[in-house]
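Naming follows writing order (A, B, C, D and E), and every chain is counted from residue 1.
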C-alpha cells in the first residue's frame, strides 16, 4: 500500500483546490463520452470540452457525460466551469487515494466510489482499487474513471436497448444504475475471497505448509484492506437511501435501499472473513505443534529402544578377562535374545501407552 | 459457502427487477396452496395462478397463499400482479442469498427470513440455510418457500383445529404465527450446537486429537455463519415489535415482543459460542504443548541415564594394554555395580525433581 | 447447558399461551403463601387457589402472594384469572429457560429474574440458575419460585419485625426489596469466583498442571454464562429505575438506582474476569513452553558432554594394530584426562552461556 | 480483590439504609475538621458533632466539613441529620466497595470517588483503592475520607494562603478543587505504570524470564483493575461538566471541562496499557519459542556430527578377523582423517544452511 | 512515554491557571512573529509583546500572531491579557502533554493539535509529538509552537504569494489552512509506517529473526501511540466541521469537511495497522514453531538412521568367542551391506513419509 499513498505527502502545503494527481497514474489519453437520452431515443458520441459548453449539441433531455482517464487538468477545469463544480470536487477527483464519500453541494451531489480487482505482479497477486467519481445534477450525471474501463458497459447497453425503466426515469435512476453496477462488481471479489478461503481450509486439513501461513496472512490483509475500503461506502449508501437529497425521487430510493442491503451483505461477509482467518491461523499453529509432538514421539521411541540394546552390546564389548558367558557357545544368542525381548517389551509398552 | 453465492455475480449488469434465481436451485415443481379462514371455518386447496385472480374463489375472510418452490418466474410475475407487488420484491424472492430484511411498502410488508438445517455430504456436515419470504397485506399473507417443506405444518394444524386465538384474529396474527414457528425452529439448531460443544469439551479433556481441532474450527465456522445470519433478523423483529407498521394490532405486538426475546436469547447463545470455541482452541494448543513437554522429559530421562553407562562400557572396551581391573575377576561386576548405582542415583534425582 | 434447553424445541408448533414447563423440572408440590400487611400488622398463611378469589380473606392492604413450585398448570391458570394476567405471562413463568426481562402490561409489571448457585455433581461443580418471576400490581406482588427456596427469607423477617420502612411503604417498595434481595445474592457467587481466580493465580505461579488449564476453562465458561445471564438484567433494572412505570413512587426509584449501581458493579467484575482468564491461559501456555525449554537444555547439555567422550572411547576401542599409546602404561589415564578436560570445558562453556 | 468484597455478601438481607461498614476497615478514630471561609478570611478547627448543629459556630460564608475515618456510625447519623442527607447516602459512605458515582438529590449532590496507591505486602505490591465521598450543598461541602490522609492538603493550603480565586468563588469551586486534586493524584499511579511498562519492555528484550511473565500478568491485572475503577469516574465527571445541576456556576463548569479532559487522558493511557501488555505476552512466548529453536539446533548439530563418527569407530571396533586396514600402520590415521573430514564437512554444511 | 508525563504529577495541588511547563522543555528563546494581511497586501515582522498592545502597529485587517517557543510565562500572561484569554487556555498552552481538544470560549475558539515526527536516539527511533495551540478570534489567529519549527512555512508562502483565496477570505480560512497543513503532515508519518510494515512483511517471509519480533512490537507500540493521539483529533475536526461556532463561514466549513475526511482516512489506516501487527506476530510465532519442527525432523532422521547401525557395530564388537561370521572373510562386508541396506531403507521410508 505504501507505493500508493506515496505521493499524498507531496501535496502538503499546496493551496486547497490545486489539481494534483495523487495515486498511481494510469497512462490514458482522456476521452469524453456523451450519452443523452429520453424515453424516445438515445445518442452516444465522443465529444470535446468545447462541445460541452455548446448547449445545442444535446438532442435529448438527460445527459450522461463520462470522462475516461484523468490526465488532463486543464480539461477538468473547463468541465468544472461548465457544470459549476466546486474547486474541492475537482481536487478530489484527481486524488485517487480517497475514502468513499458523499458530499451534498446543494444543486448537485458528489459521490466517490471504489472498484476492486486482483492485480498480478512478480510478488504475487494483490487487490487493487480504482476510484470512480460521480456527480449527479438535476438532469445530468458526470462519471470520472481513472482508465478506459468497461465498468459501466452494462448500463450503456440497457440505455441503448431501452429495456426496463431506465430511459423512462430521471438522472437519479441513472445514478442509481451506475452505483448498483459498481456494488454488483464487488460480488466477484467476494466470491474469489470465498474460494480462496475454502481452498485454504482444505489445504490446512490436508497438508499445512509455511506457504499456507503466508496465504492466510495475505487473505487477512486483503480482508483488512476491503473492510477499510467498504465501511465508508456503507455510510455513503446509507445516507443516499435515507433520501436526504431532493435530487432522488421516492421511487429511486426504494432501489437504493436494495443496494444498501447488498453492501451490508458484502461488509458482513468481509467481517466474517476476519474471524475465519483468525481461526485458520490458530489451526495452523496447532497443526505445527501437533506435528512436532508426533516427531518427538518417534524420536523418543527410537532412542528408548536402542539405547539399552547399545549398552548391552557395549557391556559385552568390555575387555574384561572374566566376563560371564563370553566363552559359552550360546552366549551370543542369549544376549541377542535378551535384546529382542527388551525391544518387544518396549514396543508393547509404547503401544499400550498409545504412543504408536 | 462459495458454492452458494457463485451465481450472485452472474447477475451484475441486469436491470433491477429481472427475475433470476440466485443460490442453489431446488428442483421442485412450484405449488400454490390457498388456506382461507375466519372464525367460522377453514378451507385448504391447491390452486393455480388463474384461480388467484378469480375473487369468487375465496370462501372466508383471511387468505394465506403459500407458494412451495420458486422455479417458475412467469407464475411469480402473475402472483406479483395479483397482489400489486413491487418488482424489487419479486426479484428478492428469487435471490435466495439475501440477508433477513423487512421492507415496508406502505400497503404491505415484505419480510425475508432464514431457516437452518444440518446437511450431510461426503466432506461432513454443514449448516445449510433456506430462505422464506413473507408478505403481509391487509387481509392476506403470502409465504414463499424454496422447497416443499413442512416448516409451517404446525400452523396449518392449529388453523384447522381452531385451537387458541388464531382463527379469531387477523392476518397479522397469522404472520406472527409463521415468524414464531421459524424462530422456534432455531432452537433445534441451537441445541445441536450445544450438544456438539459439550461433546468437544469432553473430548478435549479426555483425549485431544487433530480431528478435535478441525471439529472446533467447524463449530467456530458454524457460529460465524449463524451470527452473520441472525444479526439482521434481530433488526427485523425489533422493527416489527416496535409497531412502526399499522398492519399490526397492539395485541399482536405483545406476541412479537415475545418472539423478539427469543431471538435475542438465541443470538446471545451464539455469541457465547464464540468465546467458548476460542477457549477450546487455546486448550487444545496447551494440551499439545503439555504432551510435548511430557515426551521431552521421557526422552531426557532415558538419554541421561544411558549415556553415562554407555560411556563406561566404552571406556572398558578401549584396547589399552594397561587398563586397571581388566584382569581382576570381580572387575566386571564392580563396573556393573557402578552402572547400577549411577542408574539408581539418576532415577532418584529425577523423582526428586518431580520429572517422573 | 444443553441438558437445560433440551425441552425448548419440543414446544415448537404449539400455540402461544400453552403452559408447558421448559427447563429442568423440580419435583415440588406447589404451595401458595399469602402475606398481607400494612403499617399496623402482618399476617402470613398458606392458602389454596380458592382462597385467592375470596376477597374477604385479606386482613390488610398490601398482599404478597408467593408461589413455591411450578408443577401445577391448572392452579396457575386460576391464579392468572384472579389477577387478570396475560396468557403470555403464564407461559413465560413456566418457561424457566428465559432471559431476564421486564414487561409492562399497563396495570401490572412482569419481571423475570435469575438466581445462581453452585451445584455439585460427579463431573465437578457448575453454576446453576433458577428463575424467579415477579408481578407487581397496584397493591399486590406475586412471586413465582421454581422450588421451595429461602431466597426471600430476609424480606419476610423484615416484614414480620416491622423494621425499617418496609411496612409503611407500598407494594412497589416490597417489589424493590425482593429484587434487592436477589441482586444481593449475586455477591455470594461473585466472591466465590474471586476466590477461585486467586486460587488459580497462585497455582499458576507455583505449579501449573493440566488440571489448572481445565480449571481456567471452567472459570471462563462460568464467566461467559454469568455475563450472558446478567446483561439482560442490567436492562431490566435500568428500565425500572428510569421510572417509566407509574407503579413506582419517586421514593422507591431512589432505592432502585442503588440496585442498578450494584448490578453494574457485578457486571463489571464479571467482565474483568474475562480479561483475567485470557491472561491466565496465556501464562499457562508460556509456562509449559518455558518448561520445555528447560528440559531441552538439560538434554542438550547431557548429549553435548557425553557424545565426544563416547567417541574417544570408541576410537580407542578400534582394533587397529598400530594405535598410538595403546601400549603405553599411562595411555589409559591420559585419555581419561582428556575426557575429564573436555567435560569440564563443556560445563564451563554452558555455565558461561547461562544454560546451567 | 476477593478479600475486599468479602464482607459485601454479609449485608444481604438487611434493610436498605442500614449503616454497615463494607470493605477493609481502617482503624482510625473519626475526626471532624471544619474550615469556613469567605473572601476576607479562613478559620480551621477540629469540632464535634454537637458543634455542627450549633449555627453560631460559623464565622464565614462557606463551610467545608471534612470527616476523617468512618468508624462511628452514630456520629454519621447525626451529621446526616444536620445536613438532611438521605439514608442511602449514609449507607453508601460506609460501603467503601462501590463504583464511583454521582447522585443528584435535588438540593445537594453526592459524589463517590476513588484514590489509588501502591501497597506493599509479603506477596508483592498491589494497587489499593480508598473511597472518598463528597457532598456539595448550596454553601457547604462535606468530604468523607476512610483514613486521616493528606489527600486534600494542597487545597487547604491554597485556602489558607488565599492564592488564586478559590476564596472568592463559591462552594462549587471548592468541590471542583477537591475533585481536581483527586484526579491529579491519578497521574502519580499512571507514571508508575509507565515506568513499570518501560522496565518490562527492556527486560523482555534483554533477558526474558518466568518472573517477567508474572510481572506482565500483574501489570495486566492492574490495568484491568484501574480500567474498571476509572470508567464510572468518566461518567461522573462527564455528567458534572455538562452542567445538569444548578449548584455549579458556568465559571466552574469551564474548570470541570478541564478535569474531564484529564480523566479521558488517563483512561486512554490505561486502555493502551491493555494493548501493550497483550503485545508483551506475545513477545515473551515468542522469545521462549525462539530459544527452544536455538537449543534444538545445537542439539541437532552435535548429534549429527558425532553419530557418524561414533559409527565409524564402532565399525573398526568390530571383532572381524578380516577387516581391511586393521594391520596397516596408517589405517588409524586414515580413519581419523575420514572422521575429521566428515566433521568439517558437516560444520560447513550447517554454516551454509545458516544453522551456526 | 514515562519520561514525557513525568512532570505532570509535579503540578498536583497547584491552583488552576498556574503556568507551569509540562512535558519536555525545548530550549528556545520565544519569538513573536506578526503577519497581518488583507486582499491588498501582507506584512510580516518580528515583534515584542509591547507592540501587541499598540493597535496602530497593524497595517491590515487580519492578524496572525505566531509564538515560537513557550519558555516565557510572563510574556504569555501579557499576550493572554491582550486577547482576553481565559487563564485555563494559558495553562493548557504550557501543558504540552495534552490530548487534542477544542474549546469554545464564545468570542474565540481554542484548539490543541499534535504534530508527529520520528526522533532518533541511542535506543532506536521513536515517534515524538509536539503540541500546537491555535486560537481563532473574529479577525485574528494566534498560533503557539513549542519550538521554532517550519510547520506553517507553506501557509506563510501562500500568504505572501497571494495565491488562491487565502488573502481574500477571513481569519477562519487562515485557521483552516493551518489545521490542514498539520493534518497533511500526518501523511508523512503514515507513509513511513506503511514502508516499515512492508519491510517487516518481507523480512517475515524471507528470514524472521528475534529482531523482527522487536520491530513488530515497536510498530505496534507506535500504532497504539498514534491511535491514542489521533482519536481526540477526530472529535475536534468533527465538531469544527459541524459548524457549531459562528466564527466559521459556510464556505470554510466545506473545506473543513475535506480535512475531516483526511483525518478519518488516517485513523482508519492506523486502525488497520493494529490488525496487521497482530497478524505479523502470529506469523512470527508460527514460523519459529515451523522451524523447530524442521530441526526436530532432521534430528529424528539422523538418530533413527544411525542408532541401528551403531547397535550392529556394537554387537559385532562384543567379545564372545563364538560369534557367527567373525572368521568369515566376507563377514565384514556382509555386515556393512546390511548397514547400507538399513540406511537406504530408512531414507526411503522417510522420503515416502514426506519427512525429507
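In this text, a residue touches a chain if its C-beta (ideal position, glycine included) is under 8 Å from a C-beta of that chain, and two chains touch if they have at least 3 such contacts.
Everything quoted here is computed from the prediction, not taken from an experiment.
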{"item": "Length of the line joining the C-alpha centres of chain D and chain E, rounded to whole Å", "value": "26"}
{"item": "Cα-centroid distance, chain A relative to chain D, in whole angstrom", "value": "42"}
{"item": "Overlap residues in chain D, where contacts from two or more other chains coincide", "value": "285, 289, 292, 296, 299, 303, 310, 314, 317-319, 323"}
{"item": "Chain-level touch network, classified as line, ring, star, complete or other", "value": "ring"}
{"item": "Order around the closed ring of chains, commencing at chain B, then chain C", "value": "B, C, D, E, A"}
{"item": "Interfacial residue positions of chain B with respect to chain A in the complex", "value": "1-2, 5-6, 8-9, 11-18, 86, 88, 92, 98-99, 101, 103, 105, 210, 213-214, 217, 220-221, 224-225, 227-228, 231-232, 274, 281, 284-285, 288-289, 291-292, 295-296, 298-299, 302-303, 306, 309-310, 313-314, 316-319, 323, 325-329, 331-332, 335-336"}
{"item": "Touching residues (chain side chain C, partner chain D) in the complex", "value": "153-155, 157-158, 163-166, 177, 180-181, 184-185, 187-188, 190-191, 194-195, 197-198, 201, 205, 254-255, 257-258, 261, 264-265, 268-269, 271-272, 275-276, 279-280, 282-283, 285-287, 289-290, 292-293, 296-297, 299-300, 303-304, 307-308, 310-311, 314-315, 317-324"}
